[in-house]
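One structure, as structure tokens, below. Some questions next.
When the chains are written out, they are named A, B and C in that same order, and each has its own residue count from 1.
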């Protein structure tokens, strides 16, 4: 399996994981049928679309490859029809999200490398692929993106993308690289959730702390 | 009139319709002169700019073709100078919006086809052209985009774009195709407003319904 | 120093000025370490990334040139480590912001011209480079972008970009052009802050003024 095939498969699995998490969030917000499909698709493909526009791969695969749309529609349909079982899984949004995060960070970095871009751009693009959909979701739902305020989320994507690019540059086989990088990212994300790890917040005692919102 | 000329003309008429609706909304929000011009331009051209970036037509026509800027400025000026008459028209925002929606869905799908993209991408791009400006407006005004929560809006754009692409692929003349698709979209939108048609919302009784905002 | 070198240097100085203002705003909002770095980078490079995507310069310099990332990281680090001195400067956010605004308006317009685009596109792109980062910041922090509601901000960027393009087309040397245009923009912005200049807001007495938010 070459690099291109690898990231196509990883992308579709990650798309399904993100789409399920997006559909659950959209249904919880009581959006209508179209709103659910829309948010599902954007959470699943938004990060990849931003990545493709930035690396010059237009039209973006998320828009031109019917598989991404089909996977998103399937995830939305499953969540609408079988909401109770999907919902009863313990914190399914967070779990699927972590898996999607790892898969997208790796496949996104891979694709930037496949387009002959630099290691720095590949790492940034891996992170953008992974967190872009969630940021779009939060912007559309008119709230501050969760990744800016709390929890180790984008940092985990950054680790996954950096592992993928570093190990690839070190000459590892693409299969092993992808597994190590994905598992590294998912493990860091799930551990941070389980143990409550946070990044430091700097208290601004010197300022008046007036809320500007 | 060939396809290229057709979508240029449709685009300018749709731009004016959207610009008027954007300028009325911006003035109601008490934005300043620059804010009104900005929101007017983004509602009028934002969807087309996103479409052009996605299909690789850079620089986007909305930015490089002075006609779009001129039409937006004219609409903003008319709304500022003659606000009372524009406002007194019964629900002018909704009416102009419906016309712009149909024209943009058709011209957006047309342009993607003219750039030799697939039918799926053309339908998606028609919808994005039509609803993108409104989504940008709602994101800038810091509210959940109306199309995700209520009413048949993006669905009408989807119908218009699908009709345009389907009839074009079926070999219809581009003039008839454009009329049928535009009128189909506008009729569905206005009917849904008049009769109060909605898409289903799924009540999430199984969940705790905690507001996450 | 040719035009390309000139805008690279201007871009880095403007990036640092914007990054400092972004880092101060992010720290005031109590974002975590990653959130501060992210907002710093987006305020510093977001406008340039949008510009590069629109003029077809992909991958955007803000993502592919490590200098922009390094300058953003340095500004974030300085603001975190030496927050008290940075903060004690009188209204540092506004001051650095005005300088960044002028530098970005000029370098953004320059880059569009260097890519052989029209004067209209160059002026629009200068303004987008200058205000894009701030708009992204406000959208991410879930508030209405300041430039739409109050103060002469984007208008000052528009003046700077228009001066740059106009004087360049008039045949001035690129060094003098850049100085005159940057100082014009910074002066207009600082004067409007000092004297409290505003653009007109149109009171919508004819409408019911129902808040739609």
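Points to keep in mind about this one:
To be clear about the criterion, contacts are C-beta pairs under 8 Å (C-beta built on N, C-alpha and C of every residue); 3 or more make two chains touch, one makes a residue touch a chain.
None of these values were measured; they are calculated from a predicted model.
These two copies of the sequence, subunit A and subunit C, are related by a rotation of 120 degrees on CA atoms, to the nearest 5. Because subunit A and subunit B carry the same sequence, their contact can be compared by residue number, and under half of the numbers here are used by both. Centroids of subunit A and subunit B (each the mean of its C-alpha atoms) stand 29 Å apart.
The set of subunit A residues touching two or more other chains comprises 53, 139, 142-143. On subunit A, the positions that touch subunit B within their shared complex are 26-36, 38-39, 49, 53, 58-60, 63-64, 66, 69, 80, 83-84, 87-88, 139-143.
Per the touch definition, subunit B reaches subunit A in the complex via residues 53-56, 117-118, 120-121, 124-125, 135, 139, 142-145, 147-150, 154-155, 198-204, 206-207, 209, 212-213.
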